[in-house]
Amino acid sequence: MSALIAPRDKASDRIVPPSGFTVLLTSFTAGAMAFLTVFALALSLATGRLADRWASELAQTSTIRISAPAEQMDAQLRAVERVLQTTPGIASARTLSEEEQRQLLEPWFGPDLPIENLPVPKLVEVIENSEGYDSEGLRQRLAAEAPGAILDDHTRWRKPLVSAADRLRMLGFVAIVLIAASTAAMITLAAQSALAANAQVIGVLRLVGARDSYIAGAFVRRFTLRAFVGAVGGTVLGTLAVALLPDSEVAGNFLTGLGFQGAHWIWPFAIPPLAALVAHLATRNAARRTLRGIA
Amino acid sequence: MIELENVAYSYGGGELLSDVSLKLSPGSFHFLTGPSGSGKTTFLRLCYGQLIATAGQVRLFRKDVRELSRDGVAGIRQRIGVVHQDCQFLDHMSVTENIALPLMVSGRGGGGAAENLVDLIGWVGLTPRANALPAELSGGERQRAALARAVIMSPDILLADEPTGNIDWDMSLRLLKLLIELNRMGKTVLIATHDLNLIRAAKSEVAARVLRISNRRLQLAGSDL
Amino acid sequence: MSALIAPRDKASDRIVPPSGFTVLLTSFTAGAMAFLTVFALALSLATGRLADRWASELAQTSTIRISAPAEQMDAQLRAVERVLQTTPGIASARTLSEEEQRQLLEPWFGPDLPIENLPVPKLVEVIENSEGYDSEGLRQRLAAEAPGAILDDHTRWRKPLVSAADRLRMLGFVAIVLIAASTAAMITLAAQSALAANAQVIGVLRLVGARDSYIAGAFVRRFTLRAFVGAVGGTVLGTLAVALLPDSEVAGNFLTGLGFQGAHWIWPFAIPPLAALVAHLATRNAARRTLRGIA
Amino acid sequence: MIELENVAYSYGGGELLSDVSLKLSPGSFHFLTGPSGSGKTTFLRLCYGQLIATAGQVRLFRKDVRELSRDGVAGIRQRIGVVHQDCQFLDHMSVTENIALPLMVSGRGGGGAAENLVDLIGWVGLTPRANALPAELSGGERQRAALARAVIMSPDILLADEPTGNIDWDMSLRLLKLLIELNRMGKTVLIATHDLNLIRAAKSEVAARVLRISNRRLQLAGSDL
């Protein structure tokens, strides 16, 4: 970055009038945009994690329910286990114990249900691996080998949930792109209005023999530095705000960890240099265009 | 140094200057006169490459202006001192900084330059106002500062546009002496002015030629001046 | 609004130099901010609806489960009904039919569960009214009059969900306030840099005898109009974008109706006038301060 | 019209003007001279309320300047025409619009004003440049435009700061005639200039008094001018 922003104004940068408000405007814009970017980033990352979790948890567990007369139960259970072992894409399968089934039923029957004496179906929890299995094929094989087994593969739940999460994540990224674009546009406009307001300064500098690169450089450094400073401020405030957001483990875990986690902490730190880069390019273009425009 | 060959110029309407030819040799001293709006300022602008002739050829230091890049023009401007008619300064910098601007822009700020700067500010009588901002100067003080800025690089050519328009007679004579001194050091001087007294005063000291723009042509004025 | 923004520039507004970039910057800022406001507004309103729904649905339905020997069942059920009738804050109560209970149990037992022959507890759905009931008091009265009845009032679910939704809604409103504040700040800065860049214009106008109110008025009208135009653009784009967001009825209904519904459509239409008002006040302050500052 | 009583002024450093008293009666014609930096422009600024005296009293149209509100000053400026030393214009408006600016600002743009405007532009010789932008004018053209703007409201008082600094002698005499004509119509005229020839030319036509600033005081110049 040190090529883009000098540690402080060089002597030659004094040729750019301080013009407090345009500079303040640039810093403020960069800051506000950085702040919003941090939020959008946090939202995107959180929804990303959410989508991943939904995709994996919901997709990877299915249930097979075996309803059969008591005497056929064990045979069908073994048949199901055999089928599952030879089905590609399944990581593991496990028959729920009576205790687990009792817990599932407790809200309806109370803790004292004599589950041993009931024609309760057996439940097999199936966990697929990352490739997933062919649910239609599995269903047909089960129908053939264990007629009492019914596959409940959550497909109808999974798809819209995952796509909803993906849509949220995309919304976050679109927001980031929009914010970056507006930042670039605003800094360009601020730089351009500063340059236009300083047409006379440029004229004087040309009169005394300043090269265009010299003039442009001074403006570019000024604006890049100001955008960087503003973005640092905005990022720090935004990150603090995100970190201070109360965590909540509820609402389908939707709000969990709107904050940054682990390696994702790198992202907010990337915002100020990126803002400086955007400002650098925007100002350089604005300066070149303006300098070409002024005779 | 400056050569014009059959130069014409128009701002878009009719031609303002037609078929102007001139060769300013090193060490010459010229005045340029003509009624208001006749094109004196325009002529000077052609001479330092701010305007490009619409016809004919302008050569500065043997280079055709049309073929110079922007940076080439910048390089040439460092060798030509210009006093603009409406003196232009950077409003946020002090008088001293403004006068030193050509040094700064060309990266020659150090050493002897600083001493030279102080001398020069004294010479144009701005020592008590050295730290003022341009907006805090009187009209005459601004013109003197502009002249100081034009000569700080000790350029080969000095072009001055009405350098004494806002200056009283005594001070005008002092500035004229500075210009004559520079001319004696071998610099080429061209002054646009409507002040005939100034021209008369100069003629008694130096072999000045007087050019006059009239009817879009550049003429050598008669000896009546 | 017509007092704030003239339909087009008055002749006297020509005294303000067009200074394209500052004006463009103002329009653009207002537009971008309006766009973001529409999104934040949509988010707030959607979360508001979500919070209301969660608060009402989850809070207002509780379940009483009665587990008792078959011969006491009817007596306890009547006792429970009696208790509920005399409990303030309860809108209605209803015993689930066997068919409804069968549906609840189907995933575990299949459709053929002989529910009549099972010691299945009775379930009473309780709907509270908007005041709500005192769950601790109800629990004690039930313990006294129907010892087999257990109240499951969802309290432990309700509170964090509702507070999570409220937090989201607050986040939306905070975002709106932040955006409005930044818009005001940016427009102030833009106006101030325009005014500062035009110190000479102001000097000339004063020289020829223009009153300060005349000068300020021209600047204020210019900026108010530009902010209004920008905000209209941003609002239209933002509303279109929200309207085009694919609806999804999933994810705990979280994404349902991120768009505007019914009377809420009024809100986006309020953005441009509000932006113009903000611009008007911001510019007027900036103009007054600058005019006082310039001698 | 303009009365100064024991007025002093300083920009923050030492006093620039001390103990200045003057009464400009209606219909009088004054010149103001003095070396560059002596305070001529400062004096004029005191006379149209842009600066407030640091001591003493300035009365414009019988009102104490210190007691005027901002709007009061604006009202008085509409009755005083000012030609600034560095002529200031609105760069985005044409010459004609700039000259008409005082009419527009005071809401008197209609009817006879327009005809008057065309006449006036012709008078200062700017008819061919009427639609140009100020930046496209020559130095002398700018000064003439500034003079036209100063008189468009036919003000009671006309203050002009070096109005002929960039103008050739013939045009200067023409402008002087305009000012003398205004004076004969009963207007009060005060011209700051360092051009002694102009003063001499005026004296042959009008009973002009010459004031001189020297050593921070305002003095009546001797009859040697």
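By letter and in written order, the chains are A, B, C and D; residue numbering begins at 1 in each of them.
Everything below uses one rule, namely that a contact is a pair of C-beta atoms (placed from the backbone, for glycine too) under 8 Å apart; a residue touches a chain by one contact, two chains touch by 3 or more.
As the structure is a prediction and not an experimental result, all values here were calculated from the model.
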For chain A paired with chain C, centre-to-centre distance based on mean C-alpha positions, whole Å: 23
CA centroid of chain B to CA centroid of chain D, Å: 29
Whole-Å separation of chain centres (CA-atom averages), chain A against chain D: 68
Residue list for chain C, restricted to those that touch at least two other chains: none
Topology of the chain contact graph, where touching chains are joined (line, ring, star, complete, other): ring
In contact (per the touch rule at the top): chain pairs: A-B, A-C, B-D, C-D
Residues of chain B touching chain D in the complex: 11, 33-37, 40-41, 85-86, 129, 136, 138-142, 144, 161-162, 165-171, 194, 196-197
Contacting residues of chain A [partner chain C, same complex]: 19-22, 24-25, 28-29, 32, 35-36, 39, 63, 65, 67, 101, 104-105, 107-110, 112-114, 118-121, 123, 150, 152, 160-161, 163-165, 167-168, 171, 175, 178, 182, 185-186, 189-190, 192-194, 196-197, 245-246, 248-252, 254-255
Complex interface listing, chain B residues touching chain A: 50, 70-71, 74-78, 82, 84, 88-93, 97, 101-102, 104-106, 149
Residue ranges of chain A in contact with chain B within the complex: 11-12, 14-15, 17-18, 200-201, 203-214, 295
